[in-house]
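To keep things simple, chains are lettered A, B, C, D, E, F, G and H as they appear, and every chain counts its residues starting from 1.
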Amino acid sequence: MDYEDLGFAKVDHHRPIRKGFPEVIYCQGKSPSQIAKIAASIARQGHAVLATKADRKAFLAVKKLLKKAKYHKAARIITVKRISNIEHRTSNIAIITAGTADLPVAEEAAVTAEFLGNKVERLFDVGVAGIHRLLKNIDRLRKARVLIVVAGMEGALPSVIGGLVDKPIIAVPTSVGYGANFKGLSALLTMMNSCSPGIAVVNIDNGFGAAVVAHYIARCA
Amino acid sequence: MDYEDLGFAKVDHHRPIRKGFPEVIYCQGKSPSQIAKIAASIARQGHAVLATKADRKAFLAVKKLLKKAKYHKAARIITVKRISNIEHRTSNIAIITAGTADLPVAEEAAVTAEFLGNKVERLFDVGVAGIHRLLKNIDRLRKARVLIVVAGMEGALPSVIGGLVDKPIIAVPTSVGYGANFKGLSALLTMMNSCSPGIAVVNIDNGFGAAVVAHYIARCA
Amino acid sequence: MDYEDLGFAKVDHHRPIRKGFPEVIYCQGKSPSQIAKIAASIARQGHAVLATKADRKAFLAVKKLLKKAKYHKAARIITVKRISNIEHRTSNIAIITAGTADLPVAEEAAVTAEFLGNKVERLFDVGVAGIHRLLKNIDRLRKARVLIVVAGMEGALPSVIGGLVDKPIIAVPTSVGYGANFKGLSALLTMMNSCSPGIAVVNIDNGFGAAVVAHYIARCA
Amino acid sequence: MDYEDLGFAKVDHHRPIRKGFPEVIYCQGKSPSQIAKIAASIARQGHAVLATKADRKAFLAVKKLLKKAKYHKAARIITVKRISNIEHRTSNIAIITAGTADLPVAEEAAVTAEFLGNKVERLFDVGVAGIHRLLKNIDRLRKARVLIVVAGMEGALPSVIGGLVDKPIIAVPTSVGYGANFKGLSALLTMMNSCSPGIAVVNIDNGFGAAVVAHYIARCA
Amino acid sequence: MDYEDLGFAKVDHHRPIRKGFPEVIYCQGKSPSQIAKIAASIARQGHAVLATKADRKAFLAVKKLLKKAKYHKAARIITVKRISNIEHRTSNIAIITAGTADLPVAEEAAVTAEFLGNKVERLFDVGVAGIHRLLKNIDRLRKARVLIVVAGMEGALPSVIGGLVDKPIIAVPTSVGYGANFKGLSALLTMMNSCSPGIAVVNIDNGFGAAVVAHYIARCA
Amino acid sequence: MDYEDLGFAKVDHHRPIRKGFPEVIYCQGKSPSQIAKIAASIARQGHAVLATKADRKAFLAVKKLLKKAKYHKAARIITVKRISNIEHRTSNIAIITAGTADLPVAEEAAVTAEFLGNKVERLFDVGVAGIHRLLKNIDRLRKARVLIVVAGMEGALPSVIGGLVDKPIIAVPTSVGYGANFKGLSALLTMMNSCSPGIAVVNIDNGFGAAVVAHYIARCA
Amino acid sequence: MDYEDLGFAKVDHHRPIRKGFPEVIYCQGKSPSQIAKIAASIARQGHAVLATKADRKAFLAVKKLLKKAKYHKAARIITVKRISNIEHRTSNIAIITAGTADLPVAEEAAVTAEFLGNKVERLFDVGVAGIHRLLKNIDRLRKARVLIVVAGMEGALPSVIGGLVDKPIIAVPTSVGYGANFKGLSALLTMMNSCSPGIAVVNIDNGFGAAVVAHYIARCA
Amino acid sequence: MDYEDLGFAKVDHHRPIRKGFPEVIYCQGKSPSQIAKIAASIARQGHAVLATKADRKAFLAVKKLLKKAKYHKAARIITVKRISNIEHRTSNIAIITAGTADLPVAEEAAVTAEFLGNKVERLFDVGVAGIHRLLKNIDRLRKARVLIVVAGMEGALPSVIGGLVDKPIIAVPTSVGYGANFKGLSALLTMMNSCSPGIAVVNIDNGFGAAVVAHYIARCA
């Protein structure tokens, strides 16, 4: 059977064949016990496990069933093993943040990308308010195969990087900010309307999603 | 009497005393004949006339009553005389646009600022997609007393300039763009949420409003 | 000099070095005469010219100055020459539409991608209302290096394809639809929130932007 | 009298005649004591009681007055007796969810439908990210008289089912998701704009409402 | 082959088997020539043709290829033949409007429902401002199997009918109104939040969609 | 019969008894011929006729059937006779506008109020930019029984008047403005959130609605 | 002096002369200590005190300084004395709610109206889902001078009452509901767009504001 | 080196040269430990420290490393030393609030402006509901060089002041209010659309941002 039916969930065991990696558990709205049972079902197939937006309770429930489970606190991710289907040359995915507060989303992207077998270069807190911090590091960015740029508030960083680099950019708006930021809507619209070509956008705070797109791009090398 | 009552309008002749310049005519929603009558009422007091968002029909109606009326096509502004209460040292207001399509709004700001007696420095099409165009001209900007930065699409330019210059910046979002731009909302939110301090924002496409704030700032010197 | 200053525009001649292709002219909000002058400035450097969202008037103005200009009507694009920096193996970019009305945006993407030197595979009108049309063609999609999926109305097509294919997907919402579609907002949100990983999104009706991201992805092979 | 006046409420005892079932108590914004008194008023008429969006406190208050009260925890529903005005042939209402997190809304629909005397077929976690899980079960869906399809995030599932089945579909958006999901707005718009005909939509998280429409549809057989 | 590939469209000839009626042509965003070719492709299979949101130009193009084409002006629909798979007892679908301006949307629903073989009862202009007009006709509504209620402005009519009738109601918001109506959004939200159970909603101005849902409901008798 | 059924409309002849004045024709979305037939139906009962948001075509159609019809151009209203059920003491309804561009909405209110038998005091163009114009006329406002305050742009005028006058204020936002005005939304929200007590709001540009509320208030004297 | 300056507040002691009643304390965003000091300042002038949106902590702070303070729990209002400038004939303000959950807002209106010296008639839970409850009580409503109609969810009740009664109606949307209710926005838009004339609207949950408008209307008798 | 790299942050030590004052710490989304480390890095360079939106935990962490740290509770600001690059003549920045609840945002502006070396004049609670409080103090405002006007609810105060004073006004919308206030959106739109010229706007609740713009304006004297 290509899925296991747990009643509350039908775990998709066919996914590695179609998508190159197993089903990933999105924890929000699921109970710790449900999360643990899905994780166990994936692990029973010999697949690696990744669970995102996970709190400590979810981790403890998973840990009980799967001793090797590991909790990445900053990223709010649970992993069991990792996938390693890519031969690395230098670092292939660069992850850049505008500010310190964007770090949790950037770490969600980084841990996911590493789980999928990529090498990750982190460059944090190089927002446009002090653009020399970016310009000094631009060569590191040019070496990457694909860039994930994470920014809250006005979200202008991808536009600036997009004017300087000839690599595909996956922009991630974050909900960092207040007032007319509207929980990330401001950064989302900024990134959507960028005048610099070469930018595509994922959902607000969706570090995981950015990492998967970047993974598919990096993999084609 | 400190205003003249035309029935459909009460022209505010006291405004020069309170605000330093006469009532300005916002043409939208007024008939050419109404615009011309208000203009004549202002001129009869010996005041200079400025009418914004004016089309050619409005201009012709004004021209009939006030022979010296002049039409600034790109700015969509009618003027009769100008005010000159400022001694210029070098240029005091710099007006910068991100792109060519932002030009009409920038011209509305420029013509208004000149009408109010300021000297204006124009720097057009230096958006973040080709940031070297901006960096090469940054010294010109640093000489201004106040900057008006006009940008549509994602509106990131004020944030970048705000990171480089220690002058007050009046940001003007324009309705240039499409799709998730939502007629200027995207640029407006970007500017509101800027991580660079020193930026305040006026309404979408409101070149006139930006010029008046800049005028008050420049005047305090 | 790395840009030419036309007053209303500073044409960025340095862009091919930074971004791999010359400045592209976004025609909306520019006069035919401005468009033609920018095009001529680019051509004088020996670069190829691409102008998007162009109407016939813009084309005629360009044609006067550049005899070899060509108008792609369905795509609303003007080109002069094309770039050819890629050695093709099979087709590398697949462009899929949900419906017939999404065709102009898809053609904007296709013509742009071809201008940039890519080979394009078109698969139109395979929306979820008749999903067998998609399933019958799924193998053609799996051969592409990157997919551009164009959809209006509810914009569900990228999610479905994203569940079946292990390639990066650039999703383009279109303004096709009515009522609670809100000119493409519905499709935009759908694509942003996709439960299928591997999808990133560009602006509503932004076929050009999708093509550039896809180009950078395809090029890394 | 066709209603009982409790001061804070006028309990509608005429409703079974007009609508085929008694007034249902929507608990949000009512105190446990108010809920219990309304429930008792309905029960005194010999009618069955259904209370939705109920927490445990409300249940305990009702339980005190009505010993046979039962709490359906996953559905957050209190019932006292059930209505049984329908002769079942096979299952007549199928309830499908896209993901595990949509389960509470689906259970609200299921418990309501069963309360109203219908037979319910549950099919959970068959979202479009792993569409084979749906396709394997499509025959079960075709046997239903009416389908309730519950989905959060991008809410694409009703469109896909709507392309495959010739039954009326009641789509229920859920608030599952984050960021540009805007608490269910994304799924709501998706369902509203579906390109598959045969779909009508109820409010976000409104499992109860979907069940009542489905009940009226099923009943007409 | 279960679809015909016209290049710009893949006409779904398998649809009558899955959905009970052939593909319907949504005309917006398609050229008259494209519409006519799709219509001809459907007709060649011996299927009946329905095209919605059609203007006169589209009709003339279709008429050239299909002599029996008929234009329903108020409904903006083109038909060629109609389907007749239902044995009528009395009228089975009642279509009610709040006001006269809602008539085009109601007619789109009515013509579609008749095309699909249903008998339709029309009851127009019985909005809540003069509720006696509704109350006098309530018995006619109670005889229907399913009700389509069309309303613009505040869209309160479905709630009132929903309090009186034990039949499924398909509510259709229209874009009739101005100001804070926001092109139908007001009526849409009203219907979504109805306190009367038994109501499901389709897109703004989507008379066609309402008719298809009603058709599936009526058919189950 | 208390209504006349014209097929496309059920004209409510019972309304004068319930509401004190006959049905009013809202012209938008109705054809000139429909408008004229409804007007004739009302007139046949001996009632006065009021039609709002009417263009000249509608007027000519009504004029053909009802010779005494009169067109109020600025107000875009057609009247036939007027109602006179109120004994006037001084003026009882004051109508104030912030600017000249708000005049059409104010005239819609004024003509409606006069049609209903009220005496109207007009005070136009006294917006907050020149508040002395208001303060000089405040005594005229204090004599009214009820005030209608019409304002676009930021819509601050009702708040200021509400701080000075102890009369009920009906605030009417207009769609005058641009950019972040969002077609009157800005003024609507301002009026809704006024810190001055005694203000209630009607729809954007709804001069008619304001006049009817004011009429009911004035009448109670 | 016509106001007392407490530093954090300038208490407006001139208000009774301009508005007919003293400054009212809006408690949200103020500390209990600030509320108590403002209350004391008002009471020192011999004026009655009304404080809205007050919690128990605020009440206790006021009680310490003003022994006669009284807390109206359901209305979340603190009063000290009441104003009595109106001679009552029968009840002059009727307050109607659609549902039980709207009660707190209705009580805020009722307590305020009584504080201002009016007689109030309460009619709760007569929403459109069981319209006979309203119709049976319609004569009580017709006796009032002005109606306050409080409704959440879809907010249709004012429209229905507005079709039946020739009195001014102040509509109060409440934030009762969920999902596409958007915290009262749905009811607000419904009331704004009502097809029944004679309705004006105050802010969501603003029972206080409705009472003041109603007070001014009732007073003019 | 012109920045210090702490890993999670790159502290910009070059900022005083570009912007005239050191990097300011925006505390939201940063841990107390991160805040303290950034503060220490700034202080090590001999620069003054300002941290906004800071809670007591953040203060205690900073205090441990920097003994002279001071917590401004009402403003939620931490400072270590202050900058003093301005020679004061009279007060140069006036800060005005509409109500008492706007005080925290006003204090954030005031403490920031003082930190930057300005003299501040505070004028609180002079909103338009009691406009005499403003008019009595207008001369104090005319003496300032620049005005910061802080207002929630409908945010009308800047428009009124803008009609009376010929100084630049920085308007700060606050999130004070409820219902259709939408957390400050109402006041933001009001200020954006002001009919009084000379007003520019910063983000909702952004007292800090307003102070920096005002500082640059005041400094040019």
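Methods note: contacts are C-beta pairs under 8 Å (C-beta built on N, C-alpha and C of every residue); 3 or more make two chains touch, one makes a residue touch a chain.
Given the structure is predicted, the values throughout are model-derived calculations rather than measurements.
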Each chain counted as touching chain A and chain D at once: C
From the options B-F, C-D or F-H, the pair that copies A-D, where over half of the contact pairs coincide: B-F
Chain at maximum distance from chain H, centres defined as averaged CA atoms: E
Distance from chain E to chain C - Cα centre to Cα centre, in angstrom: 35
Residue list for chain B, restricted to those that touch at least two other chains: 99, 129-130, 163-164, 179-181, 185, 188, 192-193, 197, 203
Chain pairs that touch, as defined at the top of this document: A-B, A-C, A-D, A-H, B-C, B-F, B-H, C-D, C-E, D-E, D-G, E-F, E-G, F-G, F-H, G-H
Contact footprint of chain B on chain F as seen in their complex: 99-103, 124-126, 129-130, 132-133, 152, 176, 178-181
Residue ranges of chain A touching chain B (in the complex, touch as defined): 98-99, 127-131, 153-156, 159-160, 162-164, 177, 179-182, 185-187, 189-197
Chain C residues within the chain B interface of the complex: 2-3, 7-10, 12, 14-15, 23, 26, 28-30, 34, 38, 53, 173, 175, 183-185, 188, 203-206
Contact footprint of chain H on chain B as seen in their complex: 18-20, 24, 145-146, 163-170, 188, 192-193, 197-203, 208-210, 212-213, 216-217, 220-221
